[in-house]
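In order of appearance the chains are A, B, C and D, and numbering begins at 1 in each one.
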Amino acid sequence: MSPLVEVRDLCKQFPVGAGATVYAVEGVSLEVGRGETLAVVGESGCGKSTLAHTMIRLHDPTSGQVVLDGVDISTLGNRALREHRRKMQIIFQDPFASLDPRRPVGRAVAEPLLIHGMAKGDEVDEKVADLFVKVGLEADMMRQYPHQFSGGQRQRVCIARALATNPQLVIADEAVSALDVSIQAQVINLMMGLQADLGLSYLFISHDLAVVERMSHRVAVMYLGQIVELGPRRAIFENPQHSYTQRLLDAVPIADPRARRDRPLLTDEIPSPVWPAGTSPERVVMREVAPGHLVADEG
Amino acid sequence: MKQIAARIAWSAGLILAVIVMCFSLIHLAPGDVAIVIAGDSGAGDPEVIAEIREDLGLDDPFLVQLGGYVGDVVQGDLGTSYRFNEPVTDLIVTRLWPTFLLVGTAVSFAIVIGVLVGVFTARRPESPISHGVTVFSLTGYSMPVFWTGLLLIIMFASNVQWFPVSGMRDVRLDGNWLEEWVDIAHHLVLPSITLGVIYLAQYSRLSRASMLEVLQSDYVRTARAKGLTERRVVYKHALRNAVIPVVTVAGLQFGQMLSGALLVETVFNWPGLGRLAADSVFQRDAPVLLGILILSSTLVVIINILTDVVYRLIDPRIRVGAATK
Amino acid sequence: MEPVLSVRGLTVTFGSFTAVEDVSFDIHAGQTLAVVGESGSGKSVTALSIMRLVELGTRGKIERGEILFRAPDGEMIDLVQQPEGEMRAIRGNQISMIFQEPLTSLNPVYSVGDQVAEAVILHQGLDKEAANERVLEMFRLVRIPEAEKRMVQFPHEMSGGMRQRVMIAMALSCDPKVLIADEPTTALDVTIQAQILGLMRDLREQTGAAVLIITHDMGVVAEVADDVVVMNRANVVERGPVTQIFEAATEPYTRALLASVPRLGSMAGRDEPAPFDLVEYQP
Amino acid sequence: MTVPVTPVSPEQGDLGPPGRQALRLFIRNKAAVFGLILLVAIVFMTLFGSFFYDQDPSRIIARPLQGPGEGDAPAFGTDYLGRDVLAGVVNGGSTSLTVALVAVLLVAVIGVSIGAVSGYYGGWIDVALMRVTEMFQVLPALLFAMVIVALFEPSTRSVSVAIGLASWPQTARLTRAEFLRLKNLEFVKAARASGASDFRIIWGVIFPNALPPLIVSITLIMGAAILFESGLAFLGLGDPNSQSWGLMIGLSRQTFLNGWWTVTFPGMAIFATVLSFSLIGDGLQDAFNPKLRGR
């Protein structure tokens, strides 16, 4: 069976002052299989969020393709694109900014149903109520306003909104990063349960390797706009090949006081993805070290 | 440097656009300038009218007139006043500095006192003085400036004669330069208070709000965590950040201030640009009006650029060339 | 051993809201105490109360309790009872603090060198030149590369990691007895976090200062703490040595919290993802 | 598994929709309620005042320049021609209020559409629209309005249009700033990702959230428009055929030193009207933004 999403050589550049360019996403290729979670990890400015936003056309790609269920959506016009949008939905990081403060939360969940003409009249409320129950909220909460909810509950509402159109792909853009750990764990469990029930695919964007390790099937490591390592979760966590992946894993504090490591006193910083006029990043070359485990060559 | 140059080039384009717009507005509006100039004496005589039209080139195609005007303006020639039959440039230049004096005094008074009041009340946000400032700021902003002026005249120039009723200098005075200046300053008090009070109201409120916000900032907490005295925290760490919005607003409001000056000059018979403008409107003296519109727009643009420069001096985050990689 | 700082029965209120209730703990020289809790647990208010900054800039009020600090002459003084003038001599000098957001915690309009020098001039009475020497020394201590060049830069010209190093340099510039770090690495990327945590541990060993670290991250706690205080809803839930908290927590809240912490390596050997095995906790 | 609803902060507890919450805060604000009452009183006086004080403001009724209480003078005295100042005050508001209302409608329509399109689409559309806005912004508003009024003959219509044309840039900039801020918020992105059209996002999602600051600003512009109108009338550029507070003061300019009441009372009427809008605007600001109260 073909993968649900295929991203081919996707590039996204933003101009910044004085002719310089941000190479936010540079030649990224990846696939997300059906019912699979692909995690994209990396540090701030590595382009992981831009990748997600470009994939669902919140930005138009500079070049490259995004093939969703056999259709290249990277160049579709607005009208044609709308039809395909229901197959992919997104959950954002900030539970406070992701709901319209002036409308009851039920409206947020109903909106995609109305846009796509998937329900009308009393049906809308029924479907919204079903979705609320599905994400562990009570149906009558739909009449309340976002400020009456805690961060974890809001994120549940956002998940309900994302599920409203029966999507096949849900992109979670740092969706649990802003939550307290106890809430984070509950939301992750919920997402995994929904995946099992509905056969969803997740593109899970995160900077938190410990969370990624728990919930992903495959992992892509991004650095300065490019993927430097991509493979099954176990291969990435148990046998990392790229020096950046190794550094990232070494840096994660482990919640076990007996596993303390001595840290070298480094002072290196994350380089900037801004390139002055006339310069551009060098493309990495990927090499397969094991079935499905790709690593960028290091010069 | 490059940014400033680009900014100046862009501003020149902006002023050109303003010239074209104002010129078109005045020349395409209903009413015949020639009839106005001919005045009561010659208005009935078609020959006189035709002569005037010929003289002023009013029969040329509109674009030719516009082109000619723009060309003249670039060379510093704003045409000739219909009314005074004098070069507009000369007329304006002689009226410029009284307006500068008035606006400059009013704005300095408003900024300095406004910021001091703002800082003082921000440190005691619940005190009666602080609430008083809120009330003052609302009333100050709501008073029509010409009315304030008249009331001040009634109170301080008529009931008690502390200040002169109008004008910029006493024509009877024949003294040395110092006495001249004292005389001008004496005349300046009421008009500049009238104009300044609106802005004092706004700036004290604005700097109070800005100060309150800055006092909640993380870097003020850091300054306190260092063990600095409150005085140093407020005047060294908070103040410089708090005046940034005040400077921005003051710069942006310069155009408004010219409008206010127009009314104040009318009330106090202050021999500035504003009164020239008001008189020219009634006399339909189009060249003078156009000249004043162009000049005041240019002044606004220049003040905006200067504000930018000051802003950059206060805040290194936008200093030119500061963002070295 | 006598503690450097001993908090006893601290209660802090904001109007009718009690942010910190009856909190007690001790901090010893050369040791790191972590106060851990989720948002709203009162951990940051506790830190600000020790500096007596909770009454300055926020509307908090220390209702009850003592904050005993061992002054350089060996006497224990209660910080709660100190007049503001005395507190100013202690703040940034004997007890100093670093914060979560190094960008907003530095004044944008002054150079970082001047901001560090300010504390040195104030507390050590150095002149401008000597203060700059001291700043340079501190910048090198916190391993800021090209220290001379960095001194004249403004905060926005530096990276997050460098800014936090500046904050640490500022905090340590007067050789404090206690360093309070309020979520010092939360705003930083994980590789930079590792550098800063390593630096802090190194500096603690060099200076012998006591460190109070406030964090929500159990991973950070496990990395740096000797002792742990777990807070929830304004109260201390559990306290003890770090290994005891992680391996033999007795309170249900602590155990529920630990169960929801993702631990790197916990999935080793498993092919499929797995949900968290959560522990029910009823407050 | 069900999660109980826990309010995020005790202050925000049970307050229902944000609109109702703002209303409640507004009603609790004494100054704002005073402003509202003042405004209602002024509007009432303007609409129905002549029923209660039936005097023709343009008729000469007594000796000129008699102060309040002097001889047979009415309550607010007489002006330089012997007309009743009180009658002028009672009847002078309708021009100011009409002009301000029309001007503000114009400002809202032009300013909001230009600002919304500019902020939402960005790019060259934004650049072009903002350049036009800037052009209007560098012209001193009063002077610009005076020229327009003088060119097209003073009338209620030309004065309203002139004030509207001179005042919209501020609203356009505010709307643009709000749209720029809001369009990158996640709930707007979520609407876009759900397939909502641009029209729906601009007017259905962003605009309602940009409304609070716009309402505040429009209220304050209403006050400014009244000041603007009275300034023009004072200079003699109002509608010559209608009674107006500004005109009364303007006409008394030569004689006010002999009769303080001829300028004081009409001025107070202008002041009270503008003040009522300032108080209401201020109260709305606090009600929409409880965190910033008192700033």
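Everything that follows uses one rule, which is that a contact is a pair of C-beta atoms (placed from the backbone, for glycine too) under 8 Å apart; a residue touches a chain by one contact, two chains touch by 3 or more.
This one's a predicted model, so the numbers in the text were calculated from it and none came from an experiment.
Between the interfaces A-D and B-D, more contacting C-beta pairs are found at B-D.
Chain D has its Cα centroid nearest to the centroid of all protein Cα atoms in the structure.
Ranked by separation of Cα centres from chain D, the top chain is C.
Remark: chain A and chain B have CA centroids separated by 53 Å (rounded to whole angstrom).
Between the CA-based centres of chain A and chain D the separation comes to 47 Å, rounded to the whole angstrom. Averaging Cα coordinates per chain places chain B and chain D 22 Å apart. Residues of chain A in contact with two or more other chains: 186.
The multi-chain contact residues of chain B, meaning those touching 2 or more other chains, do not exist; every residue touches at most one other chain. Across the complex, chain C is touched by residues 215-230, 237, 240-241, 314-317, 322-324 of chain B.
Put simply, chain C touches chain B in their complex at residues 51, 53, 56-57, 87-93, 96-97, 99, 101, 104-110, 118-119, 122-123, 154, 156-157, 167, 170. Across the complex, chain C meets chain A through its residues 38-39, 143-145, 159, 161-162, 189-195, 197-199, 201-202, 216-223, 225, 242-243, 246, 256-276, 278, 281.
Against chain A, in their complex, chain D makes its touches with residues 1-3, 5-8, 12, 15-19, 185-187, 189-197, 200, 205, 208-209. Chain D meets chain B in the complex at residues 131, 134-135, 137-144, 146-148, 150-152, 223, 227, 230-231, 234-237, 246, 249, 253, 256-257, 260, 263-264, 267, 270-271, 274-275, 277-279, 282, 292, 294-295.
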